[in-house]
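Letters A, B and C mark the chains as written, and numbering starts fresh at 1 in each.
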Amino acid sequence: MIDSAEVTLGDIAAALGGELIGPKSLDIARIGPLEDADAATISFLANPRYRAQLAGSSAGCVIVAPALRDEAVARGAAIVTPDPYLYFARLTQWWARRVRPAAVTGVHPSAVVDPGARLGAGVSIGALAVVEAGAQIDDGAEIGAQCFVGRAARVGAGTRLHPRVTLAFECVVGARCIVHSGAVIGADGFGFAPSREHGYVKIEQLGAVRIGDDVEIGANTCIDRGALGDTVIEDGVKLDNLIQIAHNVRIGRGTAMAAFTGVAGSTRIGEGCTFGGGAGVVGHVSIADGVHVSAHTAVLRSIDKPGVYTGIFPLAENRAWEKTAVTLRQLPALRERIRALERQAAAASDQEPGAADANGAENTP
Amino acid sequence: MIDSAEVTLGDIAAALGGELIGPKSLDIARIGPLEDADAATISFLANPRYRAQLAGSSAGCVIVAPALRDEAVARGAAIVTPDPYLYFARLTQWWARRVRPAAVTGVHPSAVVDPGARLGAGVSIGALAVVEAGAQIDDGAEIGAQCFVGRAARVGAGTRLHPRVTLAFECVVGARCIVHSGAVIGADGFGFAPSREHGYVKIEQLGAVRIGDDVEIGANTCIDRGALGDTVIEDGVKLDNLIQIAHNVRIGRGTAMAAFTGVAGSTRIGEGCTFGGGAGVVGHVSIADGVHVSAHTAVLRSIDKPGVYTGIFPLAENRAWEKTAVTLRQLPALRERIRALERQAAAASDQEPGAADANGAENTP
Amino acid sequence: MIDSAEVTLGDIAAALGGELIGPKSLDIARIGPLEDADAATISFLANPRYRAQLAGSSAGCVIVAPALRDEAVARGAAIVTPDPYLYFARLTQWWARRVRPAAVTGVHPSAVVDPGARLGAGVSIGALAVVEAGAQIDDGAEIGAQCFVGRAARVGAGTRLHPRVTLAFECVVGARCIVHSGAVIGADGFGFAPSREHGYVKIEQLGAVRIGDDVEIGANTCIDRGALGDTVIEDGVKLDNLIQIAHNVRIGRGTAMAAFTGVAGSTRIGEGCTFGGGAGVVGHVSIADGVHVSAHTAVLRSIDKPGVYTGIFPLAENRAWEKTAVTLRQLPALRERIRALERQAAAASDQEPGAADANGAENTP
């Protein structure tokens, strides 16, 4: 997939720094994992647990931390840097800029851009995109093909909307964000007044969505607009695909959520939290900073101290699960039976002193 | 976000009714919650549990029920009405009509509308929408930008498709519905004949989707077309974002489902049910009217009486959860051990009459 | 919904084979289930468990296996075939071809097709679709309205993308696939290097997605591109709606997944597996061939032998569930109490020999 246009170790070190130990002239054709590398591959060792893979790897060059310098050098070229995984991330970014064509700036002739929209410098508007009146696209932002940017919405500088993103009216995305295809920002929150006579009566969602800087939003993820105030996603939040953020939620800076995470209305999530796939949080609660919720876990109440929280039914072969599930329904009854046994045992031990002391001392002759 | 074009209490009462106690001339700039209100805010008190907030609120006007008239009036202007939450809902609707531009009627020049489509009076077709042959758009309906309305599909009067909705061929949406961006109505149901020789052989989905009146469908929600008959969503159903309704499901009138609810094929859901986020129902079962399924709960069988049903693994700190999960696997074995203890105790009590009577009466001198 | 253009039993048998017992001239207007059939309905009996429905059905013709020939013929016309369900699937395909208009070949004038894209013979490109430079659309493929096919992507022969599918740059879909509306193939995988100083630093996803032949992908399903290598979906895989396949996952041939299934990064799923709705698998594990994971079940480790695996909290009325949930938290403590009782009982039985032998033999006079 990756165009192997020639690049040398020297080019990489010149662009990204680090201490290069080895020939600047070595050709690098790809980035790859240690176990699947050849002489034209640059690889990395981020987790010292995998250091055993180092000696056996055929990688042309390995990015390592200072502690592994000697081991790495013993086998070939190396780039030594304090955080090899971060270096690897930056290498992928540099590589992508090298092999992927830049977006063509300007407005594609098939796009429908309202004359009342304001476009910054170096903006790219893709084929068949729609940008409505009053929308503002800041400098260097890229609106992909078939995107929709509603009335008075705003896209920050350097932000990229991949093809077919919907950004509803009045919603704001900050700078340097990435939004993937199919994401819907600013659909109505799910709010109704139940009424005996009229069924559910719609509460118009009069707020919007405000997204900070450096946020990434996955494919087909939904962030609903607020009912009265706004739904807020703070700087540096990373949302995977197919996530649901309900109206008036606030997600704190640097929190990351995996696919299928759902957050119900008006809930406040702290900073630096993580949510595993399929986790869910009910509405109107508050989650502290530094809370880590495991996959498939439902959070039904506020959590006020950091930590790892889990609620997953353990997997079993179906037959064993059936037994466990049936017994689980009897659990309160089983507890009563244990209590009854304890009462009985207590009564018995009153009768025969010493029996409850267990070690059977009285039995010794 | 909300344009604070001037409006007075008198304007609101004239439009929506209720008993206004206070100056008609009071300027209202926003709708807001009691705890976050100023003199230009109109607020409401729907739940008497929050009446303590009333006295301390700075809201210019509060919408209250008759029982709270005196308390409300003691602090300032009020609108007295039997159902304040319903009044609030209507107020948001009135407000939205006031501050949001109406859709431009007519067909946007960039839309691709087949000459064989039938458009009612006052219809709006947005930019880059596609309306295929034989489709019918009834009076006053609004087809958002980039929507797709397939061959022979029908959109009822006054219904609004937000930008980028897909309504597949032959599917029908009733009157006064709202469908949010990214929703897919009428994709194929998931049906295959498994065959040793050919793998899964597709069963063409020959039915369609029929949606009643006053239905709301959330962003990126999917409703599959039926295999032979139709998938049916009855009047007044409200579906949140990212919901999956499989082929040949029927959802009864006035049922509401939160995000990530999934209903498998041919299942029948009653009227007036609610489903919490991430709830799921297997195929080919029947759920009675008035059933409320909690979030993250899997329903594996029919439910024939109304009530609240739950199946959620309780959240715990991860270390505590690990202990519980390990012990849970032993639960059937623990039950056997309780039984064994009971048998032992019964045998012992046969031997020593009275011991099982617990209170240790024999011990009294 | 289904156009009842006239067709006879003879037409069906001529097209699809099987042994027709009954009049070739019988008019068939629809395909339908046994219990809801009339004289113009062709129905089928795939599961012998439902044979009781056979005698009472008014279907004009029933498709049955040889074992049911006599029963079927006793009530009217029949088509006898070794696999009635497979025959039914083929009948629906034949029926769909008959009643649904074929896609118009050629490029719709509103589509935006780069001159550098390569289009095979008999290709259809729908209204407002975008096909970028270097993309290749093989013979007979159908690109629906408003689809996006990115730079250097490839769509195999005879494959159909329904309206509004996103196929990102360099991603490949094989032959005879079906992709439903809203699916996003090739969005970035969710990969970041966490850094104290810079927060999450993006790892550019340099791989792509490779999908085999005869794959079906549901509405709004997401398949992310790989980080270094590719995400791979093998031949004959069937994915329902709203599924998440993360970067560098591999899904084995003929595996089927129901809606809301999520597979985290780098996990390898075997061949011939099935996943119930809402099932999830963590990253970096391996699932053997022939594994069947129940709905709503979280898989947190590798599974190395075929079988059915489940982890679902059993449903209960809410009050009963609350009791169970509370008791569940005490489960490790209950186990300790059982142990204590056992120790006590063991001590007691040491004291009174025979008591633990249960049958109370000593009590017999």
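Simple rule for what comes next: a residue touches a chain if its C-beta (ideal position, glycine included) is under 8 Å from a C-beta of that chain, and two chains touch if they have at least 3 such contacts.
Keep in mind that what you see is a predicted model, and the values were worked out from it rather than measured.
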**OP:** Answer with same or different: of all residue numbers used at the interface between chain A and chain B, are over half used by both copies?
**Re:** different
Original post:
Can you tell me the C-alpha superposition angle of chain A onto chain C, nearest 5°?
Top reply: 120
Subject >> Intercentroid distance (Cα basis), chain B paired with chain A, Å >> reply: 25
Original post:
Of all the residues in chain A, which ones touch at least 2 other chains?
Top reply: 128, 146, 164, 182, 220, 242, 260, 278, 296, 312-314, 316, 328, 331, 334, 338, 341, 345, 348
Original post:
Touching chain B in the complex: which residues of chain C?
Top reply: 1-2, 30-33, 36, 83, 85-86, 88-90, 92-93, 95-96, 99-101, 108, 110, 126-128, 145-146, 162-164, 178, 180-182, 214, 216, 218-220, 236, 238, 240-242, 254, 256, 258-260, 277-278, 295-296, 312-318, 321-322, 325-326, 328-329, 331-332, 334-335, 338, 341-342, 345, 348-349, 352, 355-360, 362-363
Subject >> chain C-touching residues of chain B, taken from the complex the two chains share >> reply: 112, 128, 130, 146, 148, 150-151, 164, 166, 168-170, 182, 184, 187-188, 190, 192-193, 195, 198-208, 220, 222, 224, 227-230, 242, 244, 246, 260, 262, 264, 278, 280, 282, 294, 296-301, 307-314, 316, 320, 323-324, 327-328, 330-331, 334, 337-338, 341, 343-345, 347-348, 350-351
